[in-house]
Amino acid sequence: MNTRRDRSLSILALALVGLLLAGPFLPRWTMFLITVSLCYGIVVLGMMLLMRTGVVSFGHGLYYCLGAYAAGTLEPFFGISEIAIMLACAVAVTGLTSAVLALLLRKYRDIFFAMLSLAFSMILYGLLVKTSALGSSDGFNVSARTFLGFTIAGAPYERYVVFAITVISAYGAAVLMQLYLRSHRGRLAGAIRDNELRVEYMGASVANTIHVNYVFSAVLAGLGGALAGISVGHIDPEMAYWTTSGEFVFVAILSGTGSVLAPFLGAMIFETIRSFAYEYSPNTWQMALGVTMLLVIMFLPGGLWSLFGKLRRT
Amino acid sequence: MGAVLEARNVNKNFGAVTAAADISVSITSDTVVGLIGSNGAGKTTFLNMVTGYLKPSTGSIHFEGRDITPLPPRQITRLGICRSFQIPQLFNTLSVFQNLLVGVGIVASAGRAWAGRAAHAGAPQEAVEASLERFRLSAYRDQPAGMLPEGVRKLLDVAMAMVVRPKVLLLDEPTSGVSAGEKFDLMDMVMSAVRTDGVTVLFVEHDMEVINRYTHRVLAFYEGRIIADGEPEEVLNEPEVRKYVIGEALHIGDPRAAS
Amino acid sequence: MSQLLAVLIDGLNYSSWLFIIAVGLTLIYGVMKILNIAHGSLYALGAYTAASLAGSWLNQGHSPMGSYAVLLVAAVLVGVLAGPLIERGLLRFMYGKDEIVLVLVTYAVFLILEDFIKLLWGVDPYLLYQPYGLLGSFDVGNLTYPVYNLALIAVAIAVGVTLTWVLARTRQGKILIAVIHDREMAAAQGINVSLVYFVTFTVGAMLGALGGALTAPMISVQPGIGAETIVLAFAVVVIGGLGSLPGAALAAVLVGLVRSAAVHYRPELDLFSIYLVMAIVLIVRPKGLFSAQEARKI
Amino acid sequence: MRSNRCLLLSVQAVVCIAAVLLAAVASAQDKPIRVGLVTFLSGPAAGPFGVPAKIAAEAIVDSLNAGKVPAPYNIKGFSGTSIELVVVDEAGGATKQVTELRNLVERQNVDFVIGYISSGDCLAVAPVAEELKKITVLFDCGTPRVFEEASYKYVFRTRSHATMDAVAGATYLLENRPALKAYGGINQNYAWGQDSWADFTAVMTALKPEAAITTSQMPKFGAGQYGPEISVLLQSNSDLIHSSLWGGDLEAFMLQAMPRGLFSRSQLLLVAGEPYLHRLAGNVPDGTIVGARGPNGVFAPKSALNDWLRAIYKERTEVNPNYPAYSVALAFLGLKAAYEKARLAAIQAAVPMGAAKDVKEQMEKAYGRPPDEEIIKAFEYLTFDSPAGKVMMKLGKGHQAVTGTAYGTTRTANGQVTIGNIKYYSLERVQPPEGVKSLDWIKGGMKPGKW
């Protein structure tokens, strides 16, 4: 078991270095696909933590969107277009919001947790659609001009810098998650999913743990949203719509919760399938996604990640 | 020796049903107390109230002189009262090792908030290994708890209650579902573990032979009341107890009769 | 005063629609513990089938009144075709999985059916307006309402009463309640749980399709109506308490009235009135308006 | 003598280069020009907008490749090179579209992109097209924000932005109904509906400040059920109801409002109503004011190009082209005009003065695709003919088209809806001039600018 855990971290480090080195040589569309997948993966990483804890949010689009807006509105309202500040702002805003909402949500389980979180995200969606100062349903373009003081906007390496920031953020998130899951508090996630009563009877607060995990996952969603906004260059309220949240759950189930690597892999596969399905069967890409999902649920109940487990065992 | 656990005029009603009627009992530390009574007599309700899972309708419960009536189970656990369950409450997808590690981990991360005697000398892992050893669970170490045979589940459930080294241990029918031959093994394991630490043990039991062998004191429940309280031989021979709790057919020494 | 009356009538009209689209969902959840996202597709299938069948019925010059029967036939047709196909063909292999996984299974079905509908009917909207005006209209104060709205309310009540009666008074209903209460116990007592699931899902699918078929004459049947509807139906079912029939009815009335009041008094709230109601109800009553008591665990 | 040798040398050089080019370009000539077409193939916008645009685009490309488009577009394809379409679904939101644009450009290697119906998508993809340095023609989105908030080199829009819909609509309304006292609106609660209503009220406030606003209903997009909204509108005593509803929402609203007698109390103004009239026959009251977001559809002036578009579209669908079909035609023809103008300019610049005639001809045949820079230069401030009349790329530093627009009033006869009392508005009257933001221009009284 120890060796397996350590391997996770070294694979992560390897992936970090590999991606950073390969970045400049990748076709730009591939680089962008990876960037977007990693943003997604960061969000799904948070979903994974929630799922391990036994709750599923159908409203994580709330934080995905909120993080993006927190980062994106800095420029039009305060003239700040420094990526580091934008990301910090996304983390702070989603952290605070989720800390408050978790006071309510931590009492809920199962479908009620899912639906209450969905309600919150749809309320944000409604508010944003009504706010014409923020471009209403059209949203607005995000401008990220500098990183740590260096101007990147318009530079030939602009995309690479954004890519690198995303890769490093994803790495940081994954390592943090791995360390957390290995910690005593992190280990409670699975225990809570299995038996809340026993957790309480062993002296830990289920509600507090869910609270902390919820905030952690929300911050990751906010970070993912901000990075997505920066790399895509545009944000809109659709990010808070329930279908976006549904997609996160979708990818999380597709990935499996077996490893911190799974969400990134799952997101990458999901984005690739979607992208090629769009291209080769523009009229039936939803069908392709649906069939993939069914196949995974039926034959790989542990998600795509369980494939790796099987490979390792054989 | 002072009272470690005390119930004062505790009542509990579920609608028209009385699950506890004016229970007042004081338990001195370092004793082993057996709780007997037919199903629905109020034994488990009593444990549930002591551990904060249920709140008494009236009355109060005190631990080491402190009123713990309003506290939730986790805080009571942190004070040093732990319990096991009639139906094992395990983390089914986690391995046996992980099941125990969760408990040790909670103690380790709670730090000073843990008022029990749980300060483990070694690393959490070592405490778990020791517990596996003690309860002869090592063979199952990496199996998911959900796959274990029933008897092993029971054992693990008890082990989980004890791995954090409580001051008071409450066991709800520890030997139910355990084969007749293994009952005493199990109880020996539990008792050898707790007796060296001077832990107070309360356990619900239907097997009068087990009661007879391990307890210092027996509380007999009937319709929410304690109808007898005293040394095992004394209580087990009371006519009311024989009538309502044990049933006339019982002959001590025949373990099958009390299952 | 007349505005208050309008709020009430508009609200109840909307409520009846909400109830019809939600009742099948809550029934399926109650019995099978599946929150069926594909209910939205069944609604859409019902609407498309009704629009095209009734459309060709009218085009061939048959009696316009007969188009109402065609609507019902369309609902039954979709129910008995799609229901068994989904339940026997897919869902039965999934029983026992996590509730959330089941939600995703039905989400996958939803995605597949969305494209299926597109392949079958194309993306052009279907218009079937005749049945809506055919029954005439009535005046309340200075407002005019089509009788069709009254008919919808009547259907909603009829569906609600029938289901309640079946559950409470018939042998089949008792079997259903036994299964709802404890699946294993019911199976142990010789109830054919698999058959119960099959029938329940088919009836639920039929109700979903009925919602679509009866809505078809009031709307333009177009891609995406399933997605819009399923969220509303979800909200109603959750507000009412999952699996509760009276809960769904009460929630539909509540949501209908709130939305109507919002439109009349605070149009800007309309966009999220239903989610506000859901959030507030869940905060006050964490398991919805009508929720089953949970058994004690220890 | 010396100059003769020079000439000889240069002719030889030119011939050599031409030969090489010929060889190189012959294959390029065989290779068709790939145009990425992004339009809704799924979701509610597919039926009314996306698919008609796709059908029109396919018909146009076939017709272009066959060289059957009326003059001045009768050269096959773009300058003789045939065109190949790569169609992508616009559904899925702005993030998705940015990804897809990158794929289209870098994976599919398209030469040009024509696309985008949703304003949100237009706003999102414009900077990306710029980054990718790929000429992208936005064909149907309406928000003025695209070129009012930023300026682009590679992005063009060949249809007018939406400001004129409100300005012309209100003008038409007041010309025909000067005594209007009160009006209300029902618009979808998203950017298009909100902007339409905001623009319309701003214009009305400027033109007729004493007219009262009764109610603004903002049902959510795709609501489908309009019972309470219709009740409010019924009780609002509005002379006129303004609506920018489209597609299924518009049809549902009309179906539900008609039997409730809303239109016997209030006149209706449908900003984007024209494409639905043939579908709604029997459900549109006489006297409804409708527009087609430009001189499209029934408003399109008679011309050979208009006849052509109608003919090729009707051949495939049996109905007349609606305004998205016109929009996509404008995009293809505008791009073709710019492409061919650029190529001509490039040839003129490349062929040395006095070069032998056959060399020149060879050059012309041989010279392949003009560079993007030249196409952009040719596209900026271009004026081209279209099925909707003359289009001028006069806003957004030559990147945003302007046209006039038209409104008319419905009449139903023999089960057919016809539009009468059509009035055209020239672009000075309905468009803010360069450098002035739409809303400022409206509030400033809509003074005709210099064009």
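Order as written gives the chain letters A, B, C and D; numbering starts at 1 within each chain.
The rule is simple: contacts are C-beta pairs under 8 Å (C-beta built on N, C-alpha and C of every residue); 3 or more make two chains touch, one makes a residue touch a chain.
What you see is a predicted model, and the numbers here were worked out from it, not measured in a lab.
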Query raised in the report: Which chain is the middle one, judged by CA centres?
Result: A
Report summary line: Between A-B and A-C, more contacting C-beta pairs sit at A-C
**Report entry** Separation of subunit A from subunit B, taking each centre as the mean of its C-alpha atoms, in whole Å
**Finding:** 44
Query raised in the report: How big is the gap, in whole Å, between where the Cα atoms of subunit A centre and where those of subunit C centre?
Result: 33
Report task. Let me have the rounded angstrom distance from the C-alpha centre of subunit B over to the C-alpha centre of subunit C, please. Result -> 50
Requested in this report: Report the inter-chain centroid distance for subunit A and subunit D in whole angstrom, where each centroid is the mean of the CA atoms.
Outcome: 37
Query raised in the report: Which subunit C residues touch at least two other chains?
Result: 114-115, 118, 268, 271, 298
Query raised in the report: By residue number and range, which residues of subunit A touch two or more other chains?
Result: 129-130, 197, 283, 285-286
Query raised in the report: So which stretches of subunit B touch two or more other chains?
Result: 85, 89
Query - Contact footprint of subunit C on subunit D as seen in their complex - result: 41-44, 46-48, 50-51, 189, 215-220, 222-225, 227-229, 231-232, 234-235, 247-252, 255-256, 258-261, 279-280, 282-283
Query - Residue ranges of subunit C in contact with subunit D within the complex - result: 2-3, 6-7, 9-11, 13-14, 17, 114-115, 118, 122-125, 127, 129, 132-133, 137, 142-146, 149, 215, 217-225, 228-229, 259-260, 263-264, 267-268, 270-271
Query raised in the report: Okay, in this complex, where on subunit A does subunit C touch?
Result: 51, 56, 104, 107-108, 110-112, 114-116, 118-120, 122-123, 125-127, 129-130, 197, 242-243, 246, 249-250, 253, 283-287, 289-291, 293-294, 297-298, 301
Query - subunit A contact footprint on subunit B (complex, rising order) - result: 51, 72-74, 77-78, 82-83, 85, 89-94, 98-99, 101-103, 105-110, 114, 124, 142, 160-161, 164
Report summary line: Counting only contacts in the complex, subunit A reaches subunit B at residues 1, 183-185, 187-188, 190-191, 193-195, 197-205
